[in-house]
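For clarity, chains are labelled A, B, C and D in written order, and residue numbers in each chain start from 1.
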Amino acid sequence: MNKNRLEAFSDGVLAIIITIMVLELKVPHGSSLQALTPLIPVFMSYVLSFIFVGIYWNNHHHMMQLAKKVNGKVLWANLHLLFWLSLFPFATAWMGENHYETWPVVMYGCVMFMAAMAYFILESALKKLHGPDSEFANTFGTTIKDTVSCLAYVVAIGGSFITPWVGIACYVFIAIIWFIPERRVEKKIA
Amino acid sequence: MNKNRLEAFSDGVLAIIITIMVLELKVPHGSSLQALTPLIPVFMSYVLSFIFVGIYWNNHHHMMQLAKKVNGKVLWANLHLLFWLSLFPFATAWMGENHYETWPVVMYGCVMFMAAMAYFILESALKKLHGPDSEFANTFGTTIKDTVSCLAYVVAIGGSFITPWVGIACYVFIAIIWFIPERRVEKKIA
Amino acid sequence: MNKNRLEAFSDGVLAIIITIMVLELKVPHGSSLQALTPLIPVFMSYVLSFIFVGIYWNNHHHMMQLAKKVNGKVLWANLHLLFWLSLFPFATAWMGENHYETWPVVMYGCVMFMAAMAYFILESALKKLHGPDSEFANTFGTTIKDTVSCLAYVVAIGGSFITPWVGIACYVFIAIIWFIPERRVEKKIA
Amino acid sequence: MNKNRLEAFSDGVLAIIITIMVLELKVPHGSSLQALTPLIPVFMSYVLSFIFVGIYWNNHHHMMQLAKKVNGKVLWANLHLLFWLSLFPFATAWMGENHYETWPVVMYGCVMFMAAMAYFILESALKKLHGPDSEFANTFGTTIKDTVSCLAYVVAIGGSFITPWVGIACYVFIAIIWFIPERRVEKKIA
């Protein structure tokens, strides 16, 4: 079964998710510079989410480059990932418009965490399909980065009940560690 | 005639349909967890429709993998399918925002039923084009699943006038039986 | 220069145009069947415009199948076509929400006419690029259908000042004559 | 690493950006010709931004045609470009709805300038990847057009504080000089 349409469909959904998030930057009525001030937190959460979608797109791109085939389970695992990613615009807007209060920050973390789990499930489905001795299985293992970001999400969600800035700090931290694409993969597909 | 653009265009429309549906999850004004409560029925109908769009995308993907060619009739049969699918966001939102009352649930069933008919017409157009002895015609026949879901739609639409929960139960039932992709197809294109 | 990205980009824009038009079907507040009544004219104009976008997509698909190459002029001629098509959702919504009054019907005709002109310019640019003896130039000439629809647009725009139903009738007529894809092209690319 | 998905994803984002901009043309309530009058400045800024997105798409298309490969840095440089382009709908709408007042015109210029810088960074990343002796590096150098438009942005942003029409004039001027695709590139990929 061909992986091209899975890539094309995922690209389409991710492209729309990114552009839907920007719609939350509602055009202000005034024309002064001050009219933009209330948009600053919305803009900041847009930037954060844009980077996260970028990370998912980059890693999805890398992973699918090494995938040789897909099956029905992979298609659904991919749709499952897209489902959680499709909630990013909602979670981003709720957080941005409420100036980073507790529940929106917690919700944002939950959606991010579920997307991370969904990505992990997709990777596992591809690994199982390619077999334990495949190049795919050898390239993608659980890394320290996976474990650290998983822990960071837990800290973010729990810590946000003390102050939401714990959550925000964790999300920025996770974005930074994932910003760099997988070197081991880049070498393989150079 | 080339099938690639038909696939690409359908992927585009389906990707946008999925993401438009999520726009109905309007960002609440409050930041408490209770502010999300009124969104629960909207969210549930989003999940249901997401799964249906996923089923259509998966089956469309499978069907087009075995199609060797397309013609003018197939292009229009495909556009006809996309037309009914494009009404999913409307039907989903109307049902979700009215807490599953009779008419919205009936309307949802009608749109789903028309999409199922359109899919059947597309399959027939492809079968006719490939000829009765083609691999395509041998792989895709009317199955018991087709008949059962057709009946389930009729029960859903009729039963919703007694209580809309009959309709909802039928839609969930149809989603479950279609969740599993066509094994006979997967074998062929393995 | 490669035609694939031109096709992909056009597919993307057309897919979004179709789905944006459906957004004008605003979800009604009530849950009775009567709540849908005010949507009927909006729905009818959506159906009409969906068919027009479908016609453009089909013909664009056919034309690009026979195109062997593109150049800078073709890229801009294509963007020019997409510009007028991008105004379809606006023209469709204005017409549907105003129950087919004079100016909205005239405006709809003007946008359609400009799109038709833009399509003609794109065809000419491709013809010039491929040369007068190419298969492309031999396949696509000005047909009686082109002349008739051009006249029909003029009648539609002028006649709408008597009664908008002249315009509507002309649009339906044009949709019908273009519904059938170009047989001469289908034969060539069979 | 394959450049196809980078192209497909960029096409998707650009297609959506164009179509989101048209959503700012909000359907007026009246049906007279006068009801369209307040839309004229919004429409004019839509036309301007459509041309700019068209220019970016065309040049991106040309540049990627000559690119033989991409790497992680190129993926992020491309996402960075898409980020600034994704702010076009906001900047366009703010400018159009405020009838070209100072701050919106300045903001529009800033977003355009950042997009131009991002494009330059993407070009540099591709140049570095292909090496100084590659066909890519030989084709794309800093041209007089780059320098002139950079200066024009500075004049536009500064001059808008005297009168916003300086800004508008500069944007129109930049659009005109970039309208013509790169002849040196077209020759190479003829």
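Throughout what follows, a residue touches a chain if its C-beta (ideal position, glycine included) is under 8 Å from a C-beta of that chain, and two chains touch if they have at least 3 such contacts.
What you are looking at is a predicted structure, and each value in this text was computed from that prediction instead of being measured.
Copies chain A and chain B of the same chain sequence form an interface built mainly from non-equivalent positions, shared numbers / all numbers used being under half.
In this assembly, B is the chain whose CA centroid lies farthest from the centroid of chain D. Mean C-alpha positions place chain C and chain D at a centre distance of 26 Å.
If each chain is reduced to the centroid of its CA atoms, chain B and chain D end up 37 Å from each other.
In chain A, the residues touching two or more other chains are 8, 12, 15-16.
Of all residues in chain D, those touching chain A in their complex are 1-2, 5-6, 8-9, 12-13, 15-17, 20, 24, 71-72, 75-76, 79, 82-83, 86-87, 89-90, 93-94, 97-98, 101-104, 107. Contacts from chain B toward chain A in the complex involve residues 7-8, 11-12, 14-16, 18-19, 22-23, 25, 27-28, 30-33, 35-36, 47, 50, 54, 57-58, 61, 64-65, 179-181, 186, 189-190.
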